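Chain naming follows the written order as A, B, C, D and E, and within any one chain the residues start at number 1.
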Amino acid sequence: MQEIKREVLVNKASELLKNGTVDRVFGWKKGEFDYDITPALFTTAEDIENEFVWGDFCGANFSKYLIKETGKSENKVLVFLKPCDTYSFNQLLTEHRFDREKVYAVGVPCNGMLDTGKIKSSAEGISKVTDNGDKVVIETLFDGEITLDRNELLPDRCLNCKSKKHVAYDELLGEDGAVLDSNRFDEVEKLEKMTPDERFAFWQNELSRCIRCNACRDVCPACTCEKCVFDNPNSGVENKAATNEFEEKMFHIIRAFHVAGRCTDCGECSRVCPQHIPLHLLNRKFIKDIDSFYGEYQAGAEVGSRAPIVNYTTEDIEPGDAVRRNENA
Amino acid sequence: MRKISLKKIDSLFSAIAENSVLYMPVDTKTGAKFEQWENGKELSDSLNTVRSAKDFFFPQTENLMDFKVEGKKIEVIDSRSETEDFVVFGVRACDVKSFDVLDKVFLAEPQDSYYKNRREHGVIMSLACTKPNETCFCTTFRIDAAEPAGDVVCYKTDDAFYMDAKTEKGKKLLSALEGITEAADDTAVTEQQKLTRERMSKLPLASLKADAFGNGKTKEFFDRPEWKELSESCLGCGTCTFVCPTCQCYDIKDFNTGHGVKRFRCWDSCMYSDFTKMSAGQPRLTQLERFRQRFMHKLVYFPTNNDGMFSCVGCGRCLAKCPIQMNIVKVMKKLGGNSNG
Amino acid sequence: MADIKEPLIPKIGVVTDIRIDTPDVKTFRVVTPDGKKAFDHKPGQCAMLSIPGVGEAMFSITSSPTNTEFMEFSIKKCGCVTEWLHSMEVGQEITIRGPYGRPFPVDTEFAGHDMLFVAGGIGLAPLRSVINYCRHYRDRYGKIDIVYGSRSMQDLVDYKEIIDEWATDAGVEVHLTIDREQPEWDGHVGFVPNYVKELGFSTDKIAVLCGPPIMIKFTLAGLQELGFDKTQVYTTMELRMKCGIGKCGRCNIGAKYVCKDGPVFRFDEIDELPDEY
Amino acid sequence: MQVNEYKPLIVAFCCNWCSYAGADLAGNNRLNYPADVKIIRVPCSCRVNPMFILRAFQRGADGVILCGCHPGDCHYTSGNYYTRRRMALLFSMLDYLGIEKERTRVEWVSAAEGAKFAETMNDFAKTVAALGENKRLEDLRCKK
Amino acid sequence: MQRIGVFVCHCGTNIAGTVDVKAVAEALKTEPGVVFSTDYQYMCSQAGQDIIKKAIAEYNLTGIVVCSCSPRMHEATFRKTAAAAGLNPYMVEIANIREQCSWVHKEVPIGTEKAIILAKAAVAKVNLNAPLTPGESPVTKRALVIGGGIAGIQTALDIADAGFPVDIVETKPTIGGKMAQLDKTFPTLDCAACILTPKMVDVAQNDKIRVFSYSEVTEVGGFVGNFEVTIKRRARYVKEDICTGCGLCTEKCPQKKVPNEFNLGMDNRSAIYIPFAQAVPKVATIDPNHCMKLKTGKCGVCSKVCTAGAIDYEAKDEFVKEKYGAIVVATGFNPISMEKFDEFAYSQSKDVITSLELERLMNAAGPTGGTLLRPSDHEHPHTIVFVQCVGSRCEACAEKGKEYCSKICCMYTAKHAMLIRDKYPDTEVYVFYIDVRTPGKNFDEFYRRAVEEYGVHYIKGMVGKVSPEGNKLKVQGSDLIYGRQLHIDADLVVLAAAIEPDKSARPLATMLTASMDTNDFFTEAHPKLRPVESPTAGVFLSGTCQGPKDIPETVSQAGAAASKVIGLLCKDKLTGNPCVAHSDEMMCNGCSTCEKVCPYGAISYVDKEFRMPDRTTKVRRVAVVNEAVCQGCGACTVACMSGAMDLKGFMNKQIMAEVDAICK
């Protein structure tokens, strides 16, 4: 359950629309079911009243939409940002990807979003999902209802939430939280402890499912290139379909490399992957390595920070030692 | 109609696998997926595989031909290898219907021989649904989940498998299995169908109708203002296209291997910004136009060209997989009026 | 496996002649390695040319079907395939497949009529085939008027053929125009649509237009002003094509596929299509 | 030397100012190293894009080595420092994906270190030969 | 498609001995783009070059590949050959089949096979080469020297001497810098003022040199040959061109209690002041922090006494914009603050002083008129303790001091000790040191004289504590050689404070996009080969801004920097390296990542309006590479995610084509 009520958001949006601060509102729109909530742009208080939702399935991060939307009008757009969204927001500002002046950012606290995939794998024919705080009741069409611990239904990114603190906003609804110590590197470490053969088998299996739908890339707030190298026939590495195992790896390695130092670990890539490939484990490996090689760095924690990959010291670890360090980890 | 006890199901599979490669949906941690059957693999009870069954006839990538280039000389090499006979088991009614849609495209003159070849070598053993999902809406397109099409239609009850051959190919296959199957009447099957249909009628999307769309409705829907709102948050990824059993757009690309050129085709998506881009211009500049294309194609253009047949089969995959949860049902409800929902 | 007929598998074509038409247009003559014409076609149809490793692209066949020895393609340099084609030398092999698309109804709707061809720039390329077809079967058609314009004299495609052959034919009248004055030019100066209006054609003709969209738009309007009905006016269209056989899914305008249902359209047919081209 | 030892294909990216000159010096001093090593000249080791490395493996390379000026000696002052960070991260990622870490290497070779260049190449070629054919980053289409 | 000629050189038997050159030429004939392929004994010979020229003409070649020795040997030769034949010189690629093939392999089949592959890689690259033309930019024939110490003065004089106008920007009211504060110089013991002030006069009198004293650089734009610099001339409230420097105002000024920074606060000056007698420019300056007129509006004495009418209380800061072809940084050093070194009681006792303060105490123009007197009681000190390496070589105490050696302290301490013993033989002088470093002409001799002739007590060891007790300073130190603790009752303790770059250097480096090390010393373009150039083209380094130096070293580096500047200003046009980065604005995200890794500050961003296909316009931030500044390292190309940034001559596609050819 989200601690802050829908009405608070709706009232805030209506108020800002009414007083002319903004003329558009990014928010979540209700769908056919409890869980299929669409990110949407609202322009009237009436639509907001009728269709705006706030709850356990409002995972979508609006930061990336701001690139396009701020270019469309001179007026401000209202965006609701969960703590993890604010990191993407800052990272995009660092990269000059949108005009801060054209955005009114309202921070909303987040208690973790539910993972639709986990819900669907625990029940079929879902007709209703009710969050009672610690427990979630899933009603089904033909199998009655089941009750599960809310924690069981949280996606990895929320189980390992890195921060309940908003690092950017014009206004904050509710209480701000703190940056958290998470166990987000546990899974990376588990992989590091495997033998190379096991790791290879693991990734081969995971990446072989990739259908190159580009959802990971297109949702990623760090992947904002005007033209992605993989789409560009002139780049020399254009690659539309994962024709074979090599191209599967190539795409994901290079994508992870391109967002290294810029990835805020928002977890959207893994959320949207139709094949449930744990893509965040690639990004987290880079984050973990950056932290351990060059000192802790959180992309998006502050606007204008210089990512370690575009920085150096004269005493940096040698690539050979970096790899050997994995071995001894 | 033939039947075999559920306990002996493996003997059925091994009998089929003796003569053809047998594929069927199996469960994995990340959803059901078609895999080649081998001893020990169990048929999944899931409704939808993550990827649809279209892969069997229209794979995501396939090599079309090779070229050898030397100086100014070019040699074209037809590098196709012999296709093996195969059986796809457990295809649901919606996916079976998708083959009809694909046939309309690939088997229209001039026929696509790559597709045709696979189609000829493949036998479809469909499987009737018993417990539909909340995202199912095949009834909207007049598909009966309780009685799918296919070469052989199968029904799984609590204790047995029932099989009914519908085509020559199917009859041939079933007759080869007569040794291990027994004749059966359709009582159990009819019973099951009744239950299934009753369940279908209770689905949240049961009342969704496609009647507003179809043949000749281009002008009516093309300029509708709702497209803007619907397409607003579309990311332009290809998820819906690639999980869709009927999406069939493709691209043809060349790959220079260093000692030759491979011309291959791969799935493409009309949602991609460069889909219709050419050096001289781009007819579909905005995501709105691309988004509209996909749904107009499924609901209007395709029916216009194919006697009213929609190119959506209501499998619900896009409902489950779209990163932003936009899908054809929302489009139909928005454009077709709320009476549809 | 050679017996399987596969529309996507091309033939080999040899480039036997390259003619420089304008600074950015070249005309390529293509035959099969044994010196024959690769396939028969009808006026207005297209073929898919490719260089392995570079890509495939659709071009209208510029030569007339009545030419039984070879095919010609007039190609403007504008993308990576065309750039490669422009850098070729004689003797280069390319691949070719086709013919694709619905041709001009030269033997039905056009038969017995006076013809008016209006082209701008490289737009003459698709019309050259039908013009030469009509010239070849001269007795099947009435008077032929050709209005052709380009940016400059140097940008007039097939200038030599127009002057030496078309303009000297009986019953064929060629009206050339260029956009801006040039010292060595003593002909008409002005844009094609205006010139068409100035010339003021009678409405008992069938008109065929090809050129940049803006030219098409204003010429059509001009013809309508002159009293032409849309059912009398044809054009040929171009969109992104990959397969050429109506399957790859990208060249549609509404329910029509340019590669299969076009590229030739009559304007009343185009009216039925959504505005997305 | 064994007769049937696997002959690996090795791509060496060398910076123009130090390592390429070091390789030249190895030549001047007639220091042997396997012909399997093929050098590509780049202005600075920081010009080497991870995509080039993957590309080499795709096309059939069994090992890829980057050579640049010693840290602190970069002709462009800081290029090799960026190389060092990029490659540390990339190699660690490749290792994480289970790709043999011995197939990639960064070595700092100055223009005076002809001997080091030859030794490095001999050693690297031996290491890669021992691993055998690159299977984990291969693209079957590019195989003969 | 290119028309490529391949030329395989035998190099006598150097190549042909291990490579079947004919086979190489033959194998290359069928490569894409190759229309001609041949071999020859010596391609670099006149006859060989003629073959190339002839083939270019005959086969209408658009690119050539020469398979020969290292490009480091003859790339330039063959580029010239190509240019002579009318081919763009950058359409030439060399396949190195000598140093990297025939000389390192022994067997002909192996050498031949590799040579063919290397040649094919070169052909693959040439196929993607494009003609390149080096950019040209004009050179503004004027230099800017930032800092007016001995380094800046020497540089300016040398540049002016070559006939180029030079401006010096100095933050202080006068030029002269630290050297003007020194008494004598080691190892010759000649008087600093005697050698410096004539040079200062030279500067003042040189019509090629303008001095912007009491000024600072606030903005730097442009690039090598074309810098545009904004200089802030702080209001000195005295008209420089009218003031005669008579000094009457300074005498009459009622506010005389201002600490005199020239004497390091050891005496006072008036609110209107001339720093010292030989100041250049010799004009008065009003200190606005202490002037009664400026602070309260009441006074105006100076204005009244100034017969020239030079006083202007209404003066404002002025900004001068000037164009320069080259910039020399000579921002110098300062002793570090002693506040953190509490153990030496610097802030507790006036009699604990730094060496620079001692210079003033011994200087005839100093607060004591040249007599060495204790600051506290003006008594003559009888026991003096020198402490070396205060804050230098301070690895363990990095937060207090510096890790590096300040280089000059050993020698000036020897000088001080010697001078004191010479003038006041009754004084005992102790020097605590870690090491005595004397590498320099006559340096060690000088130091030995101090010990041997002048009887200075050198003690290897550190002073642990100085505690003021009465009028004595209790010095507690260790003598490492004798392994004992020493207790000395000193009258004066002199600290050899470490030196650090001036605080203005860091912001200046940012403005200049010149790089610095972690100690804020400017980084040189190459530590050995380009020691007076910064990596940023057109920016040169003079003096201690680059690292600790003594006077002779500073002066020689100043001269070296000047000669580099002269070399640059002599040119009418700068021809760039055409292999520079280029950003494709259609793909550029404007994310600033490339800018962060550029060591030269060659990348900037502009908001550019793009016409969209639907006829609307969109403004986007895109990167622009200044080709005159870019050196072509390619760091930006890898930092760029979208691939918008590419390097001419070493394009992504070219390198990948080489990779492909090699791995084929």
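As a convention for this text, contacts are C-beta pairs under 8 Å (C-beta built on N, C-alpha and C of every residue); 3 or more make two chains touch, one makes a residue touch a chain.
Please read these numbers as outputs of a predicted model, since none were measured by experiment.
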Chains in simultaneous contact with subunit A and subunit C: B, E
Chain-contact steps, minimal, separating subunit E from subunit B: 1
Pair joined by more contacting C-beta pairs (A-E or D-E): D-E
Length of the line joining the C-alpha centres of subunit C and subunit D, rounded to whole Å: 54
Centre distance in Å when subunit C and subunit E are each reduced to the mean of their C-alpha atoms: 66
Whole-Å separation of chain centres (CA-atom averages), subunit A against subunit B: 30
Distance from the mean Cα position of subunit C to that of subunit B, given in whole angstrom: 39
Residue list for subunit A, restricted to those that touch at least two other chains: 229, 234, 237, 243, 309-311
Subunit D: positions in contact with at least two other chains: 50-51, 55, 59-60, 72, 78, 82, 86, 141-142
Interface hub residues of subunit B, defined as touching at least two other chains: 69, 251, 255-256, 258-259, 268
Subunit A residues within the subunit D interface of the complex: 188, 191-192, 196-204, 229, 237, 243-244, 246-247, 249-250, 253-254, 256-257, 260, 282, 285-286, 289-290, 293-294, 308-314, 316-327
Residue ranges of subunit E in contact with subunit A within the complex: 586-593, 596-597, 605, 618-621, 639, 641-644, 652-653, 656
Of subunit E, residues touching subunit D in the complex: 70-72, 96, 98-101, 103-106, 110-111, 113-114, 117-118, 121, 515, 523, 525-527, 535, 579, 597, 599, 631-635, 637-639, 647, 650, 652, 655-656, 658-660, 662-664
Complex contact set, residues of subunit B against subunit A: 29-31, 33, 47, 50-51, 60-61, 131-135, 199, 202-205, 229, 232-233, 235-239, 241-243, 251, 253, 255, 264, 266-269, 272-274, 319-321, 323-327, 329-330, 333
Residue ranges of subunit D in contact with subunit B within the complex: 59-60, 141-142, 144
